[in-house]
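One chain, chain A, links the two complexes that follow: it is found with chain B in the first and with chain C in the second.
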Partner chain A sequence: MTAIFYILAGIMLAAACYVAVSRDIARAVFCFFGVLFAMAGLYIFALADFVAVTQILVYAGGVVVLMIFALMLTDKQLLENIRRGESSGPRLFRARALPSILLALAVFAVLLQVITAVDWGNMAWRHEAVAAGNRITGHENMVENVGVNLMTRYLLPFEVISVFLLAALIGAAYLARGRTNN
Partner chain B sequence: MSHFLIVGAALFSIGLYTVFSRKNAILVLIGIEFMLNAAILNLVAFGRYDRIDNEGQVFAIFAIVLAAATVAVALAIIINVYKQYKTIDPDKIKDMKY
Partner chain C sequence: MLLQSSASSYLPILIQGIMALAFVGITMVITHLVGPKRRTIDKLTPFESGISSVGNARSPFSIKYFLVAILFVLFDVEVIFMYPWAVNFRELGGKGMIEMFVFMGMLLLGFFYVIRKGALDWEK
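After this line comes the complex of A and B, so read on.
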(Lines of atoms letter the chains of each structure in order from A and count residues from 1; the text may use other names and numbers.)
(Lines give C-alpha, C1' and ligand atoms only; values in the text may rest on other atoms or scores of the structure.)
Protein backbone atom coordinates (compact mmCIF):
# COMPACT_ATOMS: atom_id res chain seq x y z
CA MET A 1 0.00 0.00 0.00
CA THR A 2 2.69 2.50 0.93
CA ALA A 3 4.56 1.64 -2.28
CA ILE A 4 1.56 2.86 -4.30
CA PHE A 5 1.55 6.06 -2.28
CA TYR A 6 5.18 6.73 -3.15
CA ILE A 7 4.61 5.86 -6.82
CA LEU A 8 1.68 8.31 -6.98
CA ALA A 9 3.64 11.00 -5.17
CA GLY A 10 6.58 10.43 -7.52
CA ILE A 11 4.39 10.68 -10.63
CA MET A 12 2.79 13.80 -9.24
CA LEU A 13 6.04 15.56 -8.39
CA ALA A 14 7.72 14.53 -11.67
CA ALA A 15 4.79 15.85 -13.71
CA ALA A 16 4.77 19.05 -11.66
CA CYS A 17 8.50 19.51 -12.31
CA TYR A 18 7.88 18.98 -16.02
CA VAL A 19 5.18 21.67 -15.95
CA ALA A 20 7.61 23.99 -14.20
CA VAL A 21 10.47 23.61 -16.68
CA SER A 22 8.89 22.53 -19.98
CA ARG A 23 9.12 24.89 -22.94
CA ASP A 24 6.20 23.23 -24.67
CA ILE A 25 3.08 24.78 -23.19
CA ALA A 26 0.64 22.21 -24.60
CA ARG A 27 2.57 19.34 -23.02
CA ALA A 28 2.77 21.30 -19.79
CA VAL A 29 -1.02 21.56 -19.63
CA PHE A 30 -1.43 17.84 -20.22
CA CYS A 31 1.11 17.15 -17.49
CA PHE A 32 -0.98 19.40 -15.25
CA PHE A 33 -3.82 16.98 -15.97
CA GLY A 34 -1.60 14.14 -14.78
CA VAL A 35 -0.71 16.04 -11.62
CA LEU A 36 -4.39 16.48 -10.79
CA PHE A 37 -5.14 12.78 -11.30
CA ALA A 38 -2.22 11.75 -9.10
CA MET A 39 -3.43 14.23 -6.48
CA ALA A 40 -6.83 12.53 -6.51
CA GLY A 41 -5.03 9.25 -5.82
CA LEU A 42 -3.23 10.82 -2.88
CA TYR A 43 -6.57 12.05 -1.50
CA ILE A 44 -7.79 8.47 -1.57
CA PHE A 45 -4.72 7.49 0.44
CA ALA A 46 -5.76 10.12 2.99
CA LEU A 47 -9.14 8.26 3.06
CA ALA A 48 -11.04 11.16 1.54
CA ASP A 49 -12.75 9.44 -1.39
CA PHE A 50 -15.44 12.08 -1.86
CA VAL A 51 -12.82 14.81 -2.14
CA ALA A 52 -10.92 12.68 -4.67
CA VAL A 53 -14.02 12.25 -6.86
CA THR A 54 -14.75 15.98 -6.59
CA GLN A 55 -11.16 16.69 -7.60
CA ILE A 56 -11.47 14.57 -10.74
CA LEU A 57 -14.87 16.04 -11.64
CA VAL A 58 -14.03 19.69 -11.04
CA TYR A 59 -10.34 19.88 -11.92
CA ALA A 60 -9.78 17.21 -14.54
CA GLY A 61 -13.25 17.70 -16.02
CA GLY A 62 -13.59 21.45 -15.84
CA VAL A 63 -10.47 23.39 -15.07
CA VAL A 64 -8.14 21.59 -17.49
CA VAL A 65 -10.62 21.92 -20.34
CA LEU A 66 -11.00 25.63 -19.57
CA MET A 67 -7.22 26.03 -19.56
CA ILE A 68 -6.81 24.25 -22.89
CA PHE A 69 -9.52 26.46 -24.39
CA ALA A 70 -7.87 29.63 -23.09
CA LEU A 71 -4.51 28.41 -24.38
CA MET A 72 -5.94 27.80 -27.85
CA LEU A 73 -7.59 31.23 -27.85
CA THR A 74 -4.42 33.04 -26.84
CA ASP A 75 -1.44 31.12 -28.24
CA LYS A 76 -1.49 30.63 -32.00
CA GLN A 77 1.75 28.65 -32.05
CA LEU A 78 0.46 26.24 -29.39
CA LEU A 79 0.14 23.07 -31.40
CA GLU A 80 2.72 23.94 -34.06
CA ASN A 81 5.62 22.50 -32.11
CA ILE A 82 3.89 19.17 -31.62
CA ARG A 83 2.80 19.01 -35.25
CA ARG A 84 6.31 19.69 -36.51
CA GLY A 85 7.67 17.05 -34.16
CA GLU A 86 10.25 19.50 -32.94
CA SER A 87 12.52 18.44 -30.17
CA SER A 88 11.66 21.01 -27.56
CA GLY A 89 12.94 19.33 -24.46
CA PRO A 90 12.91 21.13 -21.18
CA ARG A 91 15.87 23.30 -20.39
CA LEU A 92 16.60 22.54 -16.80
CA PHE A 93 18.69 25.53 -15.89
CA ARG A 94 18.42 29.12 -16.96
CA ALA A 95 20.42 31.87 -15.36
CA ARG A 96 17.45 34.20 -15.03
CA ALA A 97 15.48 31.47 -13.23
CA LEU A 98 18.06 31.36 -10.44
CA PRO A 99 16.23 33.75 -8.04
CA SER A 100 12.99 31.78 -8.35
CA ILE A 101 14.82 28.49 -7.79
CA LEU A 102 16.48 29.91 -4.69
CA LEU A 103 13.18 31.27 -3.38
CA ALA A 104 11.36 27.99 -3.97
CA LEU A 105 14.14 26.00 -2.30
CA ALA A 106 14.17 28.38 0.66
CA VAL A 107 10.40 28.02 1.14
CA PHE A 108 10.72 24.25 0.83
CA ALA A 109 13.52 24.20 3.39
CA VAL A 110 11.44 26.18 5.89
CA LEU A 111 8.39 23.95 5.39
CA LEU A 112 10.51 20.81 5.69
CA GLN A 113 12.10 22.15 8.84
CA VAL A 114 8.68 22.75 10.40
CA ILE A 115 7.35 19.34 9.33
CA THR A 116 10.35 17.43 10.70
CA ALA A 117 10.53 19.50 13.88
CA VAL A 118 7.00 18.57 14.96
CA ASP A 119 6.47 15.14 16.49
CA TRP A 120 3.25 14.22 14.71
CA GLY A 121 2.81 10.92 16.52
CA ASN A 122 2.48 12.51 19.95
CA MET A 123 0.19 15.47 19.29
CA ALA A 124 -2.53 15.83 21.96
CA TRP A 125 -5.37 16.27 19.45
CA ARG A 126 -4.26 13.12 17.67
CA HIS A 127 -4.42 11.03 20.83
CA GLU A 128 -7.80 12.56 21.67
CA ALA A 129 -9.16 11.72 18.23
CA VAL A 130 -7.89 8.15 18.36
CA ALA A 131 -9.22 7.67 21.91
CA ALA A 132 -12.65 9.04 20.97
CA GLY A 133 -12.86 6.79 17.92
CA ASN A 134 -12.84 9.90 15.76
CA ARG A 135 -10.21 8.63 13.35
CA ILE A 136 -11.13 7.48 9.86
CA THR A 137 -10.07 3.87 9.49
CA GLY A 138 -11.30 3.24 5.95
CA HIS A 139 -14.16 0.93 6.85
CA GLU A 140 -16.87 3.59 7.19
CA ASN A 141 -19.15 5.04 4.54
CA MET A 142 -17.60 8.49 4.46
CA VAL A 143 -19.59 9.81 1.50
CA GLU A 144 -22.85 9.57 3.46
CA ASN A 145 -21.28 11.26 6.45
CA VAL A 146 -19.83 14.09 4.34
CA GLY A 147 -23.16 14.61 2.62
CA VAL A 148 -25.10 14.81 5.88
CA ASN A 149 -22.52 17.19 7.35
CA LEU A 150 -22.58 19.36 4.24
CA MET A 151 -26.34 19.80 4.53
CA THR A 152 -26.56 20.29 8.29
CA ARG A 153 -23.44 21.48 10.03
CA TYR A 154 -21.88 23.32 7.09
CA LEU A 155 -25.08 24.56 5.47
CA LEU A 156 -24.19 28.26 5.69
CA PRO A 157 -20.76 27.98 4.02
CA PHE A 158 -22.33 25.68 1.45
CA GLU A 159 -24.99 28.23 0.50
CA VAL A 160 -22.52 31.12 0.57
CA ILE A 161 -20.14 29.29 -1.73
CA SER A 162 -22.92 28.38 -4.15
CA VAL A 163 -23.94 32.04 -4.46
CA PHE A 164 -20.26 32.97 -4.77
CA LEU A 165 -19.76 30.43 -7.54
CA LEU A 166 -22.77 31.77 -9.42
CA ALA A 167 -21.45 35.33 -9.10
CA ALA A 168 -17.96 34.28 -10.24
CA LEU A 169 -19.28 32.44 -13.29
CA ILE A 170 -21.56 35.32 -14.31
CA GLY A 171 -18.60 37.67 -13.87
CA ALA A 172 -16.37 35.44 -15.97
CA ALA A 173 -18.96 35.23 -18.73
CA TYR A 174 -19.35 39.03 -18.63
CA LEU A 175 -15.59 39.58 -18.80
CA ALA A 176 -15.01 37.11 -21.62
CA ARG A 177 -17.85 38.25 -23.89
CA GLY A 178 -17.08 40.09 -27.08
CA ARG A 179 -17.02 43.86 -26.66
CA THR A 180 -19.83 45.48 -28.65
CA ASN A 181 -18.86 48.61 -30.54
CA ASN A 182 -21.71 51.03 -30.01
CA MET B 1 1.01 11.96 8.27
CA SER B 2 4.33 13.73 7.72
CA HIS B 3 4.64 12.06 4.29
CA PHE B 4 1.54 13.88 3.09
CA LEU B 5 2.88 17.15 4.46
CA ILE B 6 6.27 16.68 2.78
CA VAL B 7 4.64 15.91 -0.57
CA GLY B 8 2.43 18.98 -0.10
CA ALA B 9 5.43 21.16 0.74
CA ALA B 10 7.29 19.94 -2.36
CA LEU B 11 4.28 20.63 -4.58
CA PHE B 12 3.91 24.09 -3.02
CA SER B 13 7.56 24.90 -3.78
CA ILE B 14 7.23 23.70 -7.38
CA GLY B 15 4.13 25.87 -7.74
CA LEU B 16 6.00 28.85 -6.33
CA TYR B 17 8.84 28.30 -8.80
CA THR B 18 6.33 28.00 -11.66
CA VAL B 19 4.63 31.25 -10.67
CA PHE B 20 7.90 33.18 -10.54
CA SER B 21 9.71 31.75 -13.55
CA ARG B 22 7.15 31.18 -16.32
CA LYS B 23 6.55 33.75 -19.02
CA ASN B 24 3.01 32.71 -19.84
CA ALA B 25 0.06 33.86 -17.74
CA ILE B 26 -1.73 30.51 -18.07
CA LEU B 27 1.27 28.65 -16.68
CA VAL B 28 1.45 31.14 -13.83
CA LEU B 29 -2.17 30.23 -13.13
CA ILE B 30 -1.23 26.54 -13.18
CA GLY B 31 1.45 27.31 -10.58
CA ILE B 32 -1.19 28.91 -8.38
CA GLU B 33 -3.30 25.78 -8.81
CA PHE B 34 -0.34 23.69 -7.64
CA MET B 35 -0.10 25.74 -4.47
CA LEU B 36 -3.87 25.43 -3.88
CA ASN B 37 -3.66 21.67 -4.38
CA ALA B 38 -0.82 21.42 -1.87
CA ALA B 39 -3.01 23.25 0.66
CA ILE B 40 -5.95 20.96 -0.09
CA LEU B 41 -3.71 17.92 0.42
CA ASN B 42 -2.86 19.21 3.89
CA LEU B 43 -6.54 19.80 4.71
CA VAL B 44 -7.37 16.26 3.64
CA ALA B 45 -4.43 14.74 5.53
CA PHE B 46 -5.50 16.41 8.78
CA GLY B 47 -9.17 15.69 8.07
CA ARG B 48 -8.41 12.03 8.63
CA TYR B 49 -8.65 12.68 12.37
CA ASP B 50 -12.17 14.09 12.21
CA ARG B 51 -14.55 11.32 11.32
CA ILE B 52 -17.67 12.83 12.88
CA ASP B 53 -17.54 16.43 11.68
CA ASN B 54 -15.42 15.99 8.51
CA GLU B 55 -14.09 19.53 8.79
CA GLY B 56 -10.99 18.84 6.72
CA GLN B 57 -12.79 17.10 3.87
CA VAL B 58 -15.70 19.56 3.69
CA PHE B 59 -13.37 22.55 3.57
CA ALA B 60 -11.19 20.76 1.02
CA ILE B 61 -14.30 20.58 -1.19
CA PHE B 62 -14.98 24.28 -0.60
CA ALA B 63 -11.36 25.06 -1.52
CA ILE B 64 -11.72 23.08 -4.76
CA VAL B 65 -14.84 25.07 -5.65
CA LEU B 66 -13.08 28.34 -4.85
CA ALA B 67 -10.14 27.31 -7.06
CA ALA B 68 -12.51 26.52 -9.93
CA ALA B 69 -14.15 29.95 -9.61
CA THR B 70 -10.70 31.57 -9.53
CA VAL B 71 -9.68 29.78 -12.71
CA ALA B 72 -12.85 30.81 -14.55
CA VAL B 73 -12.44 34.50 -13.71
CA ALA B 74 -8.68 34.52 -14.24
CA LEU B 75 -8.94 32.89 -17.67
CA ALA B 76 -11.58 35.43 -18.71
CA ILE B 77 -9.20 38.21 -17.64
CA ILE B 78 -6.30 36.57 -19.50
CA ILE B 79 -8.36 36.37 -22.70
CA ASN B 80 -9.25 40.05 -22.35
CA VAL B 81 -5.59 40.94 -21.81
CA TYR B 82 -4.67 38.98 -24.92
CA LYS B 83 -7.28 40.85 -26.96
CA GLN B 84 -5.79 44.13 -25.78
CA TYR B 85 -2.05 43.43 -25.93
CA LYS B 86 -1.73 40.41 -28.25
CA THR B 87 0.48 38.75 -25.63
CA ILE B 88 0.01 37.08 -22.28
CA ASP B 89 3.57 37.44 -21.06
CA PRO B 90 3.21 39.08 -17.63
CA ASP B 91 6.54 40.87 -18.11
CA LYS B 92 5.40 42.65 -21.26
CA ILE B 93 2.11 43.99 -19.94
CA LYS B 94 3.02 47.41 -18.64
CA ASP B 95 -0.12 49.51 -18.17
CA MET B 96 -3.33 48.49 -16.50
CA LYS B 97 -5.70 51.07 -17.91
CA TYR B 98 -6.81 51.31 -21.49
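After this line comes the complex of A and C, so read on.
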Protein backbone atom coordinates (compact mmCIF):
# COMPACT_ATOMS: atom_id res chain seq x y z
CA MET A 1 0.00 0.00 0.00
CA THR A 2 2.77 2.42 0.93
CA ALA A 3 4.54 1.50 -2.31
CA ILE A 4 1.46 2.51 -4.33
CA PHE A 5 1.39 5.82 -2.50
CA TYR A 6 5.00 6.54 -3.41
CA ILE A 7 4.45 5.45 -7.02
CA LEU A 8 1.49 7.83 -7.32
CA ALA A 9 3.40 10.66 -5.66
CA GLY A 10 6.37 10.01 -7.94
CA ILE A 11 4.20 10.07 -11.09
CA MET A 12 2.59 13.28 -9.88
CA LEU A 13 5.87 15.05 -9.10
CA ALA A 14 7.51 13.95 -12.36
CA ALA A 15 4.51 15.10 -14.41
CA ALA A 16 4.32 18.38 -12.49
CA CYS A 17 8.01 19.05 -13.12
CA TYR A 18 7.46 18.41 -16.83
CA VAL A 19 4.51 20.84 -16.83
CA ALA A 20 6.69 23.50 -15.23
CA VAL A 21 9.71 23.00 -17.51
CA SER A 22 8.06 22.07 -20.82
CA ARG A 23 8.08 24.61 -23.62
CA ASP A 24 5.34 22.83 -25.54
CA ILE A 25 1.99 23.85 -24.11
CA ALA A 26 0.08 20.91 -25.62
CA ARG A 27 2.40 18.40 -23.95
CA ALA A 28 2.20 20.39 -20.71
CA VAL A 29 -1.62 20.10 -20.74
CA PHE A 30 -1.48 16.33 -21.25
CA CYS A 31 1.03 15.97 -18.41
CA PHE A 32 -1.23 18.15 -16.26
CA PHE A 33 -3.89 15.50 -16.85
CA GLY A 34 -1.47 12.97 -15.36
CA VAL A 35 -0.88 15.23 -12.34
CA LEU A 36 -4.62 15.53 -11.67
CA PHE A 37 -5.20 11.80 -12.07
CA ALA A 38 -2.39 10.83 -9.70
CA MET A 39 -3.68 13.44 -7.25
CA ALA A 40 -7.07 11.68 -7.26
CA GLY A 41 -5.26 8.55 -6.11
CA LEU A 42 -3.61 10.48 -3.29
CA TYR A 43 -7.03 11.77 -2.18
CA ILE A 44 -8.16 8.17 -1.75
CA PHE A 45 -5.19 7.64 0.56
CA ALA A 46 -6.35 10.69 2.53
CA LEU A 47 -9.80 8.99 2.98
CA ALA A 48 -11.41 11.67 0.82
CA ASP A 49 -13.34 9.46 -1.61
CA PHE A 50 -15.74 12.16 -2.69
CA VAL A 51 -12.91 14.59 -3.45
CA ALA A 52 -11.18 11.85 -5.46
CA VAL A 53 -14.30 11.24 -7.58
CA THR A 54 -14.73 14.99 -8.03
CA GLN A 55 -11.10 15.29 -9.04
CA ILE A 56 -11.47 12.70 -11.79
CA LEU A 57 -14.89 13.79 -13.03
CA VAL A 58 -14.48 17.57 -12.92
CA TYR A 59 -10.75 18.24 -13.16
CA ALA A 60 -9.37 15.32 -15.17
CA GLY A 61 -12.55 15.04 -17.24
CA GLY A 62 -13.68 18.64 -17.55
CA VAL A 63 -11.03 21.22 -16.83
CA VAL A 64 -8.37 19.49 -18.94
CA VAL A 65 -10.83 19.36 -21.86
CA LEU A 66 -11.45 23.07 -21.29
CA MET A 67 -7.70 23.71 -21.40
CA ILE A 68 -7.34 21.74 -24.64
CA PHE A 69 -10.20 23.74 -26.16
CA ALA A 70 -8.57 26.97 -24.99
CA LEU A 71 -5.37 25.80 -26.66
CA MET A 72 -7.25 25.12 -29.90
CA LEU A 73 -8.72 28.63 -29.83
CA THR A 74 -5.26 30.20 -29.86
CA ASP A 75 -3.24 31.16 -32.86
CA LYS A 76 -0.15 29.04 -33.42
CA GLN A 77 1.74 31.87 -35.07
CA LEU A 78 1.25 34.13 -32.05
CA LEU A 79 2.52 31.46 -29.64
CA GLU A 80 5.58 30.90 -31.79
CA ASN A 81 6.36 34.60 -31.89
CA ILE A 82 6.30 34.72 -28.08
CA ARG A 83 8.46 31.63 -27.89
CA ARG A 84 10.99 33.10 -30.31
CA GLY A 85 11.29 36.18 -28.13
CA GLU A 86 12.04 34.00 -25.10
CA SER A 87 14.54 31.70 -26.72
CA SER A 88 17.56 33.93 -26.10
CA GLY A 89 19.75 32.88 -23.18
CA PRO A 90 20.50 29.48 -21.63
CA ARG A 91 17.75 26.88 -21.90
CA LEU A 92 16.79 25.93 -18.35
CA PHE A 93 17.56 28.97 -16.23
CA ARG A 94 16.50 32.05 -18.08
CA ALA A 95 16.53 35.34 -16.21
CA ARG A 96 12.80 35.55 -16.94
CA ALA A 97 12.23 32.34 -14.97
CA LEU A 98 14.06 33.58 -11.89
CA PRO A 99 11.05 35.17 -10.07
CA SER A 100 8.98 32.01 -10.48
CA ILE A 101 11.83 29.82 -9.24
CA LEU A 102 12.29 32.10 -6.21
CA LEU A 103 8.57 32.04 -5.48
CA ALA A 104 8.46 28.24 -5.70
CA LEU A 105 11.45 27.96 -3.36
CA ALA A 106 9.84 30.38 -0.88
CA VAL A 107 6.62 28.33 -0.78
CA PHE A 108 8.68 25.17 -0.35
CA ALA A 109 10.58 26.79 2.55
CA VAL A 110 7.29 27.67 4.28
CA LEU A 111 6.02 24.09 3.85
CA LEU A 112 9.28 22.67 5.22
CA GLN A 113 9.06 25.04 8.17
CA VAL A 114 5.51 23.86 8.94
CA ILE A 115 6.44 20.17 8.60
CA THR A 116 9.40 20.47 10.96
CA ALA A 117 7.90 22.95 13.44
CA VAL A 118 4.56 21.23 14.11
CA ASP A 119 4.48 18.46 16.69
CA TRP A 120 2.14 16.16 14.75
CA GLY A 121 1.52 13.69 17.59
CA ASN A 122 0.56 16.22 20.27
CA MET A 123 -1.81 18.73 18.72
CA ALA A 124 -4.44 19.92 21.19
CA TRP A 125 -7.39 19.87 18.80
CA ARG A 126 -6.60 16.29 17.84
CA HIS A 127 -6.76 15.11 21.44
CA GLU A 128 -10.01 17.01 21.95
CA ALA A 129 -11.56 15.47 18.82
CA VAL A 130 -10.51 11.96 19.80
CA ALA A 131 -11.85 12.47 23.34
CA ALA A 132 -15.18 13.69 21.96
CA GLY A 133 -15.41 10.72 19.59
CA ASN A 134 -15.49 13.14 16.68
CA ARG A 135 -13.31 11.25 14.23
CA ILE A 136 -13.47 8.75 11.39
CA THR A 137 -12.07 5.26 11.63
CA GLY A 138 -11.70 4.65 7.90
CA HIS A 139 -14.54 2.12 7.72
CA GLU A 140 -17.36 4.60 7.06
CA ASN A 141 -18.72 5.32 3.63
CA MET A 142 -17.38 8.84 3.21
CA VAL A 143 -19.65 9.73 0.28
CA GLU A 144 -22.73 8.92 2.37
CA ASN A 145 -21.34 11.12 5.09
CA VAL A 146 -20.88 14.01 2.67
CA GLY A 147 -24.37 13.50 1.24
CA VAL A 148 -26.19 13.55 4.59
CA ASN A 149 -24.30 16.62 5.78
CA LEU A 150 -24.81 18.44 2.50
CA MET A 151 -28.57 17.88 2.62
CA THR A 152 -29.07 18.77 6.29
CA ARG A 153 -26.37 20.77 8.03
CA TYR A 154 -24.86 22.53 5.02
CA LEU A 155 -28.05 22.95 3.01
CA LEU A 156 -27.68 26.71 2.52
CA PRO A 157 -24.15 26.52 1.08
CA PHE A 158 -25.39 23.70 -1.13
CA GLU A 159 -28.18 25.81 -2.59
CA VAL A 160 -25.85 28.81 -2.86
CA ILE A 161 -23.63 26.65 -5.09
CA SER A 162 -26.53 26.30 -7.52
CA VAL A 163 -26.89 30.09 -7.68
CA PHE A 164 -23.15 30.34 -8.24
CA LEU A 165 -23.30 27.79 -11.06
CA LEU A 166 -26.25 29.67 -12.56
CA ALA A 167 -24.19 32.87 -12.57
CA ALA A 168 -21.29 31.04 -14.27
CA LEU A 169 -23.68 29.56 -16.86
CA ILE A 170 -25.19 32.94 -17.73
CA GLY A 171 -21.78 34.60 -17.74
CA ALA A 172 -20.32 32.01 -20.10
CA ALA A 173 -23.28 32.26 -22.49
CA TYR A 174 -23.17 36.05 -22.44
CA LEU A 175 -19.41 36.37 -22.93
CA ALA A 176 -19.35 33.86 -25.77
CA ARG A 177 -22.45 34.97 -27.72
CA GLY A 178 -23.67 38.16 -26.03
CA ARG A 179 -22.91 40.78 -28.65
CA THR A 180 -24.28 38.88 -31.62
CA ASN A 181 -27.79 38.69 -30.15
CA ASN A 182 -30.39 41.19 -28.93
CA MET B 1 -4.10 -0.08 9.72
CA LEU B 2 -6.53 2.76 9.36
CA LEU B 3 -5.19 3.74 5.98
CA GLN B 4 -5.06 0.21 4.56
CA SER B 5 -8.67 -0.65 5.24
CA SER B 6 -10.06 2.16 3.09
CA ALA B 7 -7.52 2.55 0.30
CA SER B 8 -7.30 -1.20 -0.29
CA SER B 9 -10.98 -1.26 -1.28
CA TYR B 10 -9.87 0.67 -4.39
CA LEU B 11 -7.38 -2.04 -5.31
CA PRO B 12 -9.72 -3.65 -7.91
CA ILE B 13 -10.02 -0.29 -9.69
CA LEU B 14 -6.24 0.05 -9.70
CA ILE B 15 -5.86 -3.48 -11.11
CA GLN B 16 -8.45 -2.72 -13.78
CA GLY B 17 -6.61 0.46 -14.72
CA ILE B 18 -3.30 -1.37 -14.94
CA MET B 19 -4.93 -4.08 -17.08
CA ALA B 20 -6.39 -1.47 -19.46
CA LEU B 21 -3.06 0.35 -19.80
CA ALA B 22 -1.14 -2.91 -20.18
CA PHE B 23 -3.54 -4.10 -22.90
CA VAL B 24 -2.95 -0.92 -24.90
CA GLY B 25 0.81 -1.06 -24.39
CA ILE B 26 1.22 -4.77 -25.12
CA THR B 27 -1.01 -4.62 -28.20
CA MET B 28 0.98 -1.71 -29.60
CA VAL B 29 4.34 -3.34 -28.91
CA ILE B 30 3.31 -6.75 -30.32
CA THR B 31 1.76 -5.37 -33.50
CA HIS B 32 4.86 -3.25 -33.97
CA LEU B 33 7.14 -6.28 -33.57
CA VAL B 34 5.07 -8.86 -35.48
CA GLY B 35 3.65 -6.81 -38.34
CA PRO B 36 5.57 -6.43 -41.61
CA LYS B 37 7.01 -3.01 -42.38
CA ARG B 38 7.11 -1.72 -45.93
CA ARG B 39 7.65 2.00 -45.88
CA THR B 40 6.95 3.72 -49.16
CA ILE B 41 6.62 7.45 -49.73
CA ASP B 42 2.91 7.13 -50.41
CA LYS B 43 2.36 5.30 -47.13
CA LEU B 44 4.23 7.86 -45.08
CA THR B 45 2.21 10.84 -46.28
CA PRO B 46 -0.45 12.12 -43.83
CA PHE B 47 -3.79 10.52 -44.64
CA GLU B 48 -6.89 12.65 -44.59
CA SER B 49 -9.85 10.68 -45.96
CA GLY B 50 -8.09 10.11 -49.25
CA ILE B 51 -7.73 13.84 -49.89
CA SER B 52 -4.32 15.49 -49.73
CA SER B 53 -4.19 17.56 -46.53
CA VAL B 54 -4.62 21.31 -46.76
CA GLY B 55 -3.25 23.98 -44.40
CA ASN B 56 -2.17 23.70 -40.79
CA ALA B 57 -3.91 21.56 -38.18
CA ARG B 58 -3.30 24.21 -35.52
CA SER B 59 -5.65 26.88 -36.80
CA PRO B 60 -7.88 28.70 -34.30
CA PHE B 61 -11.24 27.02 -33.65
CA SER B 62 -14.60 28.73 -33.28
CA ILE B 63 -15.61 30.00 -29.82
CA LYS B 64 -18.73 27.78 -30.07
CA TYR B 65 -16.65 24.71 -29.24
CA PHE B 66 -15.31 26.43 -26.13
CA LEU B 67 -18.81 27.35 -25.00
CA VAL B 68 -19.88 23.72 -25.29
CA ALA B 69 -16.83 22.73 -23.21
CA ILE B 70 -17.68 25.32 -20.53
CA LEU B 71 -21.30 24.16 -20.37
CA PHE B 72 -20.06 20.58 -20.08
CA VAL B 73 -17.86 21.47 -17.09
CA LEU B 74 -20.70 23.35 -15.36
CA PHE B 75 -23.14 20.45 -15.73
CA ASP B 76 -20.34 18.12 -14.71
CA VAL B 77 -20.14 20.01 -11.41
CA GLU B 78 -23.91 19.66 -11.06
CA VAL B 79 -23.69 15.88 -11.54
CA ILE B 80 -20.95 15.60 -8.93
CA PHE B 81 -23.31 17.13 -6.36
CA MET B 82 -26.03 14.67 -7.31
CA TYR B 83 -23.74 11.75 -6.50
CA PRO B 84 -23.74 12.07 -2.65
CA TRP B 85 -27.48 12.74 -2.79
CA ALA B 86 -28.16 9.65 -4.89
CA VAL B 87 -26.15 7.48 -2.47
CA ASN B 88 -28.48 8.57 0.38
CA PHE B 89 -31.63 8.73 -1.73
CA ARG B 90 -33.75 6.57 0.58
CA GLU B 91 -32.68 8.09 3.90
CA LEU B 92 -33.14 11.68 2.75
CA GLY B 93 -36.59 10.92 1.35
CA GLY B 94 -39.01 13.57 0.11
CA LYS B 95 -37.24 16.45 1.80
CA GLY B 96 -33.99 15.61 0.07
CA MET B 97 -35.89 15.30 -3.20
CA ILE B 98 -37.24 18.86 -2.86
CA GLU B 99 -33.81 20.18 -1.93
CA MET B 100 -32.26 18.56 -4.96
CA PHE B 101 -35.02 19.81 -7.25
CA VAL B 102 -34.40 23.37 -6.07
CA PHE B 103 -30.73 22.87 -6.86
CA MET B 104 -31.47 21.42 -10.30
CA GLY B 105 -34.17 24.01 -10.98
CA MET B 106 -31.60 26.76 -10.57
CA LEU B 107 -29.35 25.15 -13.15
CA LEU B 108 -32.27 24.43 -15.45
CA LEU B 109 -33.00 28.16 -15.34
CA GLY B 110 -29.49 28.80 -16.57
CA PHE B 111 -29.95 26.13 -19.24
CA PHE B 112 -33.11 27.85 -20.50
CA TYR B 113 -31.18 31.13 -20.62
CA VAL B 114 -28.46 29.49 -22.70
CA ILE B 115 -31.07 28.04 -25.10
CA ARG B 116 -33.00 31.33 -25.39
CA LYS B 117 -29.76 33.23 -25.91
CA GLY B 118 -29.09 30.98 -28.89
CA ALA B 119 -25.69 30.04 -27.51
CA LEU B 120 -26.14 26.46 -28.67
CA ASP B 121 -27.40 27.58 -32.08
CA TRP B 122 -24.67 26.18 -34.28
CA GLU B 123 -25.57 27.98 -37.51
CA LYS B 124 -25.44 31.53 -36.17
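In this section, the second predicted complex is superposed on the first by the 157 of 182 C-alpha atoms of A that agree within 3 Å, B and C clash if a C-alpha of one lies under 4 Å from a C-alpha of the other, contacts with A are read in each partner's own complex, and residues count from 1 in each chain.
What we mean here is this: a contact is a pair of C-beta atoms (placed from the backbone, for glycine too) under 8 Å apart; a residue touches a chain by one contact, two chains touch by 3 or more.
Quick caveat: nothing in here was measured; it's all calculated off a predicted structure.
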| item | value |
| --- | --- |
| Partners on chain A (chain B, chain C) - clash or fit | fit |
| First, second, both or neither for A:13, with chain B first and chain C second | first |
| Chain B versus chain C as contact partner of A:53, first or second or both or neither | second |
| Chain B versus chain C as contact partner of A:126, first or second or both or neither | first |
| Touched partner set for A:161, first chain B, second chain C, both or neither | both |
| First, second, both or neither for A:151, with chain B first and chain C second | second |
| First, second, both or neither for A:4, with chain B first and chain C second | second |
| If touched residues of chain A are counted for chain B and for chain C, the larger one | B |
| Closest approach of chain C to chain B (Cα atoms, Å) | 5 |
| Contacts on chain A seen with chain B and repeated with chain C across the two complexes | 45, 47, 50, 54, 58, 62-63, 66, 69-70, 73-75, 146, 150, 158, 161, 165, 168-169, 172-173, 176 |
| Partner chain C, residues of chain A touching it in the complex | 1, 4, 44-45, 47, 49-50, 53-54, 57-58, 61-63, 65-66, 69-70, 72-76, 137-139, 141, 143-144, 146-148, 150-151, 155, 158-159, 161-163, 165-166, 168-170, 172-174, 176-178, 180-181 |
| Residue numbers on chain A that touch chain B, as the complex places them | 5, 9, 12-13, 16-17, 19-20, 25, 28-29, 32, 35-36, 39, 42-43, 45-48, 50-51, 54-55, 58-59, 62-63, 66-67, 69-71, 73-75, 94, 97, 99-101, 103-105, 107-108, 111-112, 115-116, 118, 120-121, 125-126, 129-130, 133-136, 140, 142, 145-146, 149-150, 153-154, 157-158, 161, 164-165, 168-169, 171-173, 175-176, 179 |
| Residue ranges of chain C in contact with chain A within the complex | 2-8, 10, 14, 56, 58-61, 63-67, 69-74, 76-81, 83-88, 91-92, 95-96, 99-100, 102-104, 106-107, 109-111, 113-114, 117-119, 124 |
| Interfacial residue positions of chain B with respect to chain A in the complex | 1-7, 9-18, 20-22, 24, 26-27, 29-31, 33-34, 37, 40-41, 44-45, 47-54, 56-58, 60-62, 64-73, 75-80, 82-83, 88 |
